[in-house]
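Two complexes, one shared chain (chain A), two partners (chain B, chain C).
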Partner chain A sequence: MTRKFKIGIFDDEVKFISTIRSLQEEKLKIFDVFMPYPVHEVFHLLKRKSHLPTAAYFFGLFGILATLGFLYFASVINWPVVYGGKPFNSFPSFIVVTIVVTILTVTIGSLALFSARSKLFPGRDNTIFDLRATDDKFLIVVDTDLEDISIAGRVGNIMEEQGAIEVIDKEFEKVET
Partner chain B sequence: MYNRKIRGPLVEGNKTMGQITGDVIFPLDTNPGLWWYIAFGISSLAALFGGYAIYITVSKGIGTWGVNNTVGWGWAIVNFVWWIGIGHAGTAFSIFLLILRQKWRTSINRSAEAMTVFAVMCAALFPALHMGRIWLAFYIFPYPNTRGPLWVNFNSPLFWDFTAISAYLLISASFWYLGMLPDLGTIRDKTVSKIKKAIYGFFSLGWTGSSRQWIRFESLSFVLGGIAAVLVVSVHSIVATDFAVGIEPGWHSTIFPPFFVIGAIFSGFAMVMTLMVLIRKIYKLTDYITDNHMDAIARILIFISLIMGTAYLTEVFIAWYSGNEFEMFTFFKNRMTGDYTLQFWAMIVCNAFIPQLFWFRKIRRNWVGLLSISLIINLGMWFERYNIVITSLSKDYLPSNWVSYHPTVIDIGVFVGTIGLFATGVLLFMRFVPMMAISELKSVAHIGNKKED
Partner chain C sequence: MKEQVTVSRNFKIITLLLIAIGAATIILGLITDHQTTWSNYLLVNYYFLSVAMGGAFFFVIQSISQSGWSSAFQRVSEAMMSYIPFAALFFLLIWFGVNDLYHWSHKGNMALDPVVLHKSAFLNVPFFFARMVLYFLLWIVFVRKLRQISLKGDLTDPADTSGIMFLFGKTELYSKIFIFILAITFSFSAIDWIMSVDVKWYSTIFALKNLVAAFLHGVSILTLIVFILYKRGYFPFLNEYHLHDFARYIFMFCIIWGYFWFAQFMIIWYGNIPEETVYFNVRWHDGWKVLFYLEIGLNWFVPFMVLLPVKTSRNMTIITIVIIFLIIGQYIDLFVQVIPGTTGILKFGWISAGIFLGYAGLFSLVVATTLSKANLLPINHPYLDESLNHKF
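After this line comes the complex of A and B, so read on.
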């Protein structure tokens, strides 16, 4: 089944943002927007949030507990060795390894989560709505495959009024984003 | 905006976004020219020489090096510390400046990170070879082994070092690659060649630049930046601890960790400057890596150079103030005067005095001046490590132990090899990867350029 989209192409950040506003005022749902660089206002308008920092915190917590636990197990329970008369559980000298391994855990965990949530991995073929979005144009993509046929026309009008350099209709067999 | 008043535009020439993309990916689409092939040939030959030296080292043992029972850490450790120091710049550059929201990092961070990855690879080679039986290197992994299970000594800075360097290599490589995703997507969408499209498409992992990808990308950059900043400081502190926990005179000092970290950032920034001067000259990227960028790096170098000078003075002062005769001997009879006078004073002149020339605006804006001073700093930093490793070891507490140290051809070969490896890596980077973060440049291109600012 094909899906129809209306794509507005902008070469100006200001016009691009004002179009998003107008579309939202008209209660028209935006499928997604594509940008050559991150524009923070867009995140506010589209209410995009990332919980990655929270997840990273828990990866860190896990990293600390797992590393300290392992060091305790290896040096106290499994094979205690006296090094220079220090206690088996010589906590201060475990701190460095714990910090480093925790950082590694957070990095690997966050990268994996990022890859899974953003669906970015080798061989992934995400739908490219317009090739220029990674170069110098901003795209607003609206799903027009809806019951109300008049929506497509209204979206197109708003985009043109607000200064889109091009408004195009495209159909995709399969959409992956 | 305050950015303009201090530094001027970050990208000169009122570039449009399309022009930025075009300028940055231009070197990827064109024949690099004869100089590239010549440089690549020379650096590969150097790397081959290193390969030969490593072959001899592994097949015959480290007896082929200049090390002996007294000076157990010779050139290998000098070079290891030197490379790992250089390897600090990339991450220091991109991460510290990212966290401090210094936008001028955008045209430099990619190359600095690439440099980090190659330098850390070169660095890691030395301790591995120094183990002697490199095929047993896996003994340092803490895994439930069949020897007991006998675990490694978790209290040893040498083990911390292994952990920290492996983590640092992994993290800086992933940070570098992550930053490249949007740019690889750009190349995929711009190129007309089908092969390139497939290759860059594969490596861009399906990047589209959607708002969802961007917000996660940004928040991941900050998470990784924030935690890797801690790692940058800890890696070289641990290298310093390798020395500081030793009881050798001249090593057993609490100043070592901060002194080493600052030294690392110093040599790394100098190497970034060397590369940047060459890149902007060869590829004519002066609109992106402006005089103001070089000026900013030079100013940081003056500041760090002053800290280095202070650290050297502090070491000498504490040696005298401690009243410890071995410390005093090391500093006054074995470094400032004695057999290693040249290395000591070369270090002082190259690191503390010559960089002070950057106080002159003319030198900060002259590429010959920038290039030569940055090279001198790297030379000076090499002498600093030589000074620390060799002088302390060669003359310790017992005069009957005293031995002088001379590197052999194999020592020199391994070092030349790593320089070759580094240069080869940098040349390949220039040829196949966008040298600047295209998407980040687009976001800062307007700063200082807009009329209303």
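After this line comes the complex of A and C, so read on.
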């Protein structure tokens, strides 16, 4: 089964955002947007919520506790060695290692979580709505394959009114986003 | 929107009263206990100088990075910079107390110590004050120049775009030169005035740590002044995004400060060389140990933990509380650096309190009068509109 999409291409951030606003005022559902750089306002407009920072915080907490725990275990319990007259639990010297390992834990953890959540993995097939999405253009994709036939026309009108440099219709066999 | 700050009569009376308390404390203190008085004098003097330098740094770094969000608060940082000439006057008065503060200035046995003797080419009274004059001259020249350019911007015709952009570029150019001078001279001044109190001890990261401490506390005082003005109805456009940016400034600096503090401590602790550990040995015993932990707790742990979530970074009350902690934290930081080397007595008495109040009064009065002398908003700043409608 093919799905039909209306794709608006913009070269201006302001026009792009105002189009999203007008589409939402008309209660038209946006399927996806593409930007050359992250725009905070779009994130708020599309009412997206991300728990990635919270997850990153807990990865960090885990990193700190795990590293300090391991260092304590290694240098106090399992194999105590006196270095330069320092106590076995020489806490200040553990901190540098802890900071570095914590950063690594947060980075790898967030990357893995983000990839898992957005189903990114090597060899994944991705639908490319328009090649310019990877360039400096802003894209708005609206699913027009709904019961209401008038949607396609209304979406196209709004996009053109707001100053899209191009509005195109495309059909896709299988959509993976 | 109120365009210009007015200094109320009550404010003037209160600040003048505080200055009178400070002056009386210094005079009485010099009669009763001159060493304590001079060490507190140095401490508080340096405290407010570093706050003023923090204001200067804020101005300079925002001009260099061409930040839009902060341009409306430019005048506050200018007002803070204007305290530097007063600090210069008070620092030069240290001439009379140099024997109470610095062991290297003694003519007696201390000067015959080979370690002190070795340093005497750099640390001697005439050169010490020559350097002091040089630092202050450089700072005052640049601060005056930046202020002049900023005031000139207000008088320019708003339609004269090229004129405004010329002044904007000029501010940036002077800022670029000043930031190098500021970094080098302020590092040297921290070594001269604070580190040489413990004349035999040295640390290579000390200057950098004090530089960052000045920026951290300068920016937090700047934020506090903006909040006070907001409560009095001056910055009606101040929104949560401005608050978040201020909070991030404080947050970022507290991390750098904590990093440097820890780097200095950890290397000395781990290296365990007697001539270095002697510094921390004093600060590790008796009541000093409480201050030692309070220092890192107030300056790093509290701001870091509190300002980590987005919600607290956008709350004015919470940021104000953090700033109050930082004000105390900076005092403790300098107290731990200065007092053990001079009197060595852990005591916060009437002399310390009186001198601090006096300087706080003077600083507030100078900042308020400078603010009242010009428009609160730099009306012709190219980024003013962006600052008024700041959002991210």
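The rule is short, and it goes like this: the second predicted complex is superposed on the first by the 170 of 177 C-alpha atoms of A that agree within 3 Å, B and C clash if a C-alpha of one lies under 4 Å from a C-alpha of the other, contacts with A are read in each partner's own complex, and residues count from 1 in each chain.
What we mean here is this: contacts are C-beta pairs under 8 Å (C-beta built on N, C-alpha and C of every residue); 3 or more make two chains touch, one makes a residue touch a chain.
Computed from a prediction, not measured in an experiment: that's the story for all the values here.
K.L.:
Going by the contact rule set out at the top, does A:27 touch chain B (first), chain C (second), both, or neither?
P.N.:
In the superposed model, A:27 contacts neither chain B nor chain C.
K.L.:
Under the stated touch criterion, which partner chain does A:174 make contact with: chain B (first), chain C (second), both, or neither?
P.N.:
neither
K.L.:
If you stack the two complexes on chain A, which partner ends up touching A:85: first (chain B), second (chain C), both, or neither?
P.N.:
Second partner only.
K.L.:
Given the touch rule stated above, what does A:47 touch, chain B (first), chain C (second), both, or neither?
P.N.:
Neither chain B nor chain C is touched by A:47.
K.L.:
Counting residues of chain A touched by each partner, does chain B or chain C come out ahead?
P.N.:
B
K.L.:
A:114 in the overlay: touching chain B, chain C, both, or neither? Say first, second, both or neither.
P.N.:
Touch status of A:114: first partner only.
K.L.:
Examine A:101 and indicate which partner it touches, taking first as chain B and second as chain C; both and neither are also allowed.
P.N.:
A:101: touches chain B, not chain C.
K.L.:
Touching chain B in one complex and chain C in the other: list those residues of chain A.
P.N.:
In chain A, residues 84, 86, 90, 93, 96 are touched by chain B and also by chain C.
K.L.:
Across the complex, what residues on chain A touch chain C?
P.N.:
40-41, 57, 84-86, 90, 92-93, 95-96
K.L.:
Spell out the part of chain B that touches chain A in their complex, as residue ranges.
P.N.:
Per the stated touch rule, the residues are 16-18, 21, 142, 148-151, 153-155, 157, 159-160, 163-164, 167, 170-171, 174, 178, 181-182, 185-186, 188-190, 201-203, 205-220, 222-224, 227-228, 230-231, 234, 238, 439-440, 442-443.
K.L.:
Contact residues on chain C for chain A in the complex?
P.N.:
My answer: residues 262, 265-266, 269-270, 272, 308, 391-392.
K.L.:
For a test of understanding, state which residues of chain A touch chain B in their complex under the given definition.
P.N.:
Its residues touching chain B are 32-38, 42-43, 46, 48-50, 52-53, 56, 60, 70-71, 74-75, 78-79, 81, 83-84, 86, 90, 93-94, 96-97, 99-101, 103-104, 106-108, 110-111, 114-115, 117-129, 131-136, 176-177.
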